[in-house]
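For reference, the structure is listed below as structure tokens.
A, B, C and D label the chains in the order they appear, each numbered from 1.
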Amino acid sequence: MRVCRRSGDAVVKVKVGVIGGSGYTGLELLRLLLSHPAVEIEAVTSRRHKGKRVDEVNPHLKPFADIEYEDVSVREIARRCDVVFTAVPHGVAMDYVPELLENGVKVIDLSADYRLSCEEYERIYKKRHKDEQFREGLRHAVYGLTELHAEDIADAELVANPGCYPTGAILAVAPLVRARKVKCVVFDAKSGISGGGVEPSQRSHFPNLAENIIPYEVTTHRHTAEIRKELKVSVHFTPHVIPAIRGILTTAHVFLRESISEDEIYEIYRQFYDGKKFIRILNEVPSLQNVRGTNFCDIWFEVERGASVGEGGGVGSRADKVKEEGEVEKNSRVVVISAIDNLVKGGAGQAIQNMNVMFNLREETGLWFPALFP
Amino acid sequence: MRVCRRSGDAVVKVKVGVIGGSGYTGLELLRLLLSHPAVEIEAVTSRRHKGKRVDEVNPHLKPFADIEYEDVSVREIARRCDVVFTAVPHGVAMDYVPELLENGVKVIDLSADYRLSCEEYERIYKKRHKDEQFREGLRHAVYGLTELHAEDIADAELVANPGCYPTGAILAVAPLVRARKVKCVVFDAKSGISGGGVEPSQRSHFPNLAENIIPYEVTTHRHTAEIRKELKVSVHFTPHVIPAIRGILTTAHVFLRESISEDEIYEIYRQFYDGKKFIRILNEVPSLQNVRGTNFCDIWFEVERGASVGEGGGVGSRADKVKEEGEVEKNSRVVVISAIDNLVKGGAGQAIQNMNVMFNLREETGLWFPALFP
Amino acid sequence: MRVCRRSGDAVVKVKVGVIGGSGYTGLELLRLLLSHPAVEIEAVTSRRHKGKRVDEVNPHLKPFADIEYEDVSVREIARRCDVVFTAVPHGVAMDYVPELLENGVKVIDLSADYRLSCEEYERIYKKRHKDEQFREGLRHAVYGLTELHAEDIADAELVANPGCYPTGAILAVAPLVRARKVKCVVFDAKSGISGGGVEPSQRSHFPNLAENIIPYEVTTHRHTAEIRKELKVSVHFTPHVIPAIRGILTTAHVFLRESISEDEIYEIYRQFYDGKKFIRILNEVPSLQNVRGTNFCDIWFEVERGASVGEGGGVGSRADKVKEEGEVEKNSRVVVISAIDNLVKGGAGQAIQNMNVMFNLREETGLWFPALFP
Amino acid sequence: MRVCRRSGDAVVKVKVGVIGGSGYTGLELLRLLLSHPAVEIEAVTSRRHKGKRVDEVNPHLKPFADIEYEDVSVREIARRCDVVFTAVPHGVAMDYVPELLENGVKVIDLSADYRLSCEEYERIYKKRHKDEQFREGLRHAVYGLTELHAEDIADAELVANPGCYPTGAILAVAPLVRARKVKCVVFDAKSGISGGGVEPSQRSHFPNLAENIIPYEVTTHRHTAEIRKELKVSVHFTPHVIPAIRGILTTAHVFLRESISEDEIYEIYRQFYDGKKFIRILNEVPSLQNVRGTNFCDIWFEVERGASVGEGGGVGSRADKVKEEGEVEKNSRVVVISAIDNLVKGGAGQAIQNMNVMFNLREETGLWFPALFP
């Protein structure tokens, strides 16, 4: 039987495979899995580096990753592993997932291929979904935001690991949304460039990003659909790339249905995330330096006290005063800020957190360490 | 007579003084004034550096600033100058401005002391305003956002130069506000750290800012009042410091009163800023690298096409669907992004632009050069 | 008895104290010690934060560091601990070390107080050494460069943990020096700013360091003495601060006594560092990203093939040709480059490595993990 | 007649062309030439952007560069221009230079094609030189380090503009070399990444360069030949890329033939650079922020006072003490540090400085402005 259990002192280790082990997400999976006490890495694939030692190509893993990149069949990977992480671009994962599942392996897919309904996927990613079972509604993936769906994840065969932005955005406001307090959220997200991958691009070109901040897909980013699907409230999402390697800071401008005090909000968050070890509700503004390299999501909020329009001789004429329509009621707006490491909680770390849940390990196994500060 | 006019080939130069010439704003004034063809610098004050040559203390100005820092009386400065820039912290400018004005000198104040009404100033900056004339409504300052108030500036004795954030924020949305299209704006601003001044602080400490982005005064920044006073619509403002030296990128999430097309918006902006040489309406997302060191404000916008709530089994239950209340109508939200150099258009450059207007010079005199790219 | 031993499955943990737990070095000690499987933290001192929880002051350690900062007597610390790390500025450690040792505790001093002979210390640090035993030669400290002095460290009561720069510099060239190949070395070192500490300064002020590189104490840095003491060859050392948080890259320009091939050099290094797990001899140029957060020292070298003077009509006249005197023989110069994390191998990590040796633990205990890449 | 002369108030402008106007060097030429009071830009070529407006492709030049990129014949360019800047990769310039010269145009070549003798070029750049006149010694280029060769430049038809590294390196030590004081120099150079060009690469990929410093071509960089040709002393050169956009800081570790005082050195530099307006001898360590965007070369030096080998029980045994052989005499080593902007003094700015000299304009015309600080 494949499930890993503790039996006395001995641990039956989970046998894992990584499809796509040379990108930032794949490498981060390896970094974390190599230190994971209940895991055995059985296969790492890379077409480009096939036949080379992982730590020859990636000196930072020397001498830990004494493994060879392979380009083997899905069937062979399935034979060796209990669970496979697919760390490949969207549109590619769907080539591997059906066969993996059919061979009895659990799959944690880090691509976007199984995060949305088939219809929405095809509309947003503008390509036909090749997994026929998924098309016909016979294949079901659990959305792997561990703090929200742990029960379903425990029983899942296929987990769709969330996108980096949705992780930071959804965790920031889920308690308020679930408490039916939220009318509308503007997510203004700021990400390190590692989310863009290992391949150099105009955006990652140092002279273009240093001393800059780059907004992109300002109203059209595909992660918006993922956020909306989970939150089911009015959501606006604008991402920016900042001159940093890791981390996403999400500033959630939340319009509330009614006035609410900071104490009430705190209580809502405290209860919602009770027992969730990777959520830290802070007393001060989150900082990427406190989550660097970790699986934590730090959250903080501040209610805006009063938001009256100005007076005097400015741009808008007197007739523009719009208290009736647009004016926000006192205390009916809160800014929630979350900070995550995009490659850990926003990617590889959360995938391993999900694996832990799927294999009945403690959720924080292999992920329980403080940030690299400063 | 003090007004500068071209008479034949000869130019009567404007005699200028800078009170507070050792901070970033003061130094930027000097950098720009030293290359200004119609200006003569007559006095630069600094208590700390009194008696030292400006370019001894600031090697980047060598050998241009062959001037001595002084600590002379306001009366003496007034005697030498046609116009004085006060580049001192808020609360300090009001010590100089009344006497300067009484001695017949024009003043461009780069502090916050004269930007708001006296009442609002005292409420927001939490200190008594010491200028009795201003308290009693006998002293009037023109808000120096040149593109909006050039006519008043031309006749002003006292110009309150705008804050860096308000400059980027107001210019981004003024055309839409003036056209009565705007219900509410969420300004999410990202600034280089030079706005924080020359003195080292925890926020400017490299290990704290590098690889990070720091939100601060998330719902309480004092520039909010300045923005509201000018725009007179519902305004929310959250600033962040990014790991960059110069520049402010402002992401304005604008909720419109009605649906509007991008072509219409473009036309509104084109007309509003017609003839304004420092406003560039771009076809692509603004970049701090295109305004670095310049007085330009680059603007771009994108209408959000449809913003329906998601479906499926997420956090919010079905009952949370709030189309009636919170849902945003198709095309009724636009994101406007502006980019400025905080020390130039957001400070010293705009101050000189105002001086040009006040002394009947062409607005772009001494400010007409491209950005330092890359 | 205090020595830690494995007895069956159970591990008698080493009881450690940290004097000076709020600076970067102290915090890095805590970060690493908190994950160390054979350690129990018994005391952390900080005058400033006395009475506060460590992870309240340092959110990145939440919830790991459920410890209180104390300001207790040396005697009390000694009572609780087997070993104490003194992570305080030079000149301060000597206030604690004698009493700690007299109370039977082992000490690993991360300051400069015991790295040099008393005479040299007083000459270079320009202050009287307060430890009378040390003055009189009755107190002996072992220089804690683990790879070079492991045997002495194993028996030491007092270890003087090396400076960050000397660690990178000495490890880079020790094999060649020991093999008597070296005539002279110019060390040109580039460090992240975290070496400068948690307090903001002009040098750490973001606008001064970003887009810059700052040379300092160009011929007079105090670490030079430490390097010379260990290497005993002609040493020149010039440090620079780069716009990075962590890491030191040392470029060692080595003038050899005789021509030598890269193969020979490789063999010298291989043998010298045989079995040293934290030394990685690379095939490619070292990168700070491969050692970030780790205790590794990556080393690489390249022999300069031929170094003839130029010809033609340049600055130096024909008579300046100096083949006899200054000319370097073919293959008699090698550039060795090393990369370390200044806070780990250059500080807290090496200190723990030394503790492991002193307590008969495997050298890599608690330090065996790959770098945070990218 | 082509030479530009001032005749009364009117200025006959120099007609310039830029071949290769879309790279960083070409764009920097345009930025500077657009503000140059005695220049008219007559042609800018780019194959990729042919037919597009320069400021459409490069928003930072809007609305200054109302010029169209062309892909016209060399003959046509020659017809329009007095002088042409070739800002193309090495190996390409030689395709244009002969025909330009034959058509009576002066050429300032910013590539490496004419900096070395033909033989050395072919050996170092590993390609055949296609300019037959140059091969046969019938074409002569003047090395365009303006401070050293102004007289020859004034009469030159073809100027080989120096490489960025050689500019910073040669200017740092030329006075000492010319005074025959220098035995050997180790240049350890640190450059911003813009020297690598506009195309994204692994080296310019933000996650690889941020928080890092990258040594490359450690003993084999091709600029070494250029430095040696000019200095004619023993030269070692190792370049690094730092996480910065612009600037080169060169640390020159100079071994002197004899002891020399700082006062003597200062006098040597003062005399050598007397009247050279772009050389600033500083009293403090140079900083890239003081030269950003300018044509200045800032220089500073420090004599090492004594450099004795250490004592005690280190790596080298007593027999390794090598006072006789390797030891450096007191005061016989000096570290000289220079700072330039690689794209200005190290490229486009120096090219324009050379143009000014060639056309009998004041050397600083169009280049006389302070740095963008901070």
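Everything that follows uses one rule, which is that a contact is a pair of C-beta atoms (placed from the backbone, for glycine too) under 8 Å apart; a residue touches a chain by one contact, two chains touch by 3 or more.
Because the structure is a prediction, the values reported are computed rather than measured.
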item	value
Of C-D and A-D, pair with higher C-beta contact tally	C-D
Which listed pair, B-D, A-C or C-D, duplicates the contacts of A-B in over half of its pairs	C-D
Distance from chain D to chain C - Cα centre to Cα centre, in angstrom	37
Chain A and chain D, separation of their C-alpha mean positions in angstrom	47
Junction residues of chain B, two or more chains touched	24, 194, 207, 210-211, 243-246, 287, 289, 292, 374
Touch list for chain B against partner chain A, complex	117, 143, 148, 170, 174, 177-178, 180, 182-184, 186, 188, 190, 192, 207-208, 210-216, 218-220, 225, 227-236, 238, 240, 242-247, 249, 251, 253, 255, 257, 285, 287-289, 292, 302-305, 307-312, 314-322, 325-328, 333, 335, 337, 374
Residue numbers on chain C that touch chain A, as the complex places them	9, 24, 27, 31, 34-35, 58-65, 194, 210-211, 245-246, 280, 282, 284, 287, 289-293, 298, 369-374
Contact footprint of chain C on chain B as seen in their complex	24, 193-194, 198-202, 204-207, 209-211, 243-245
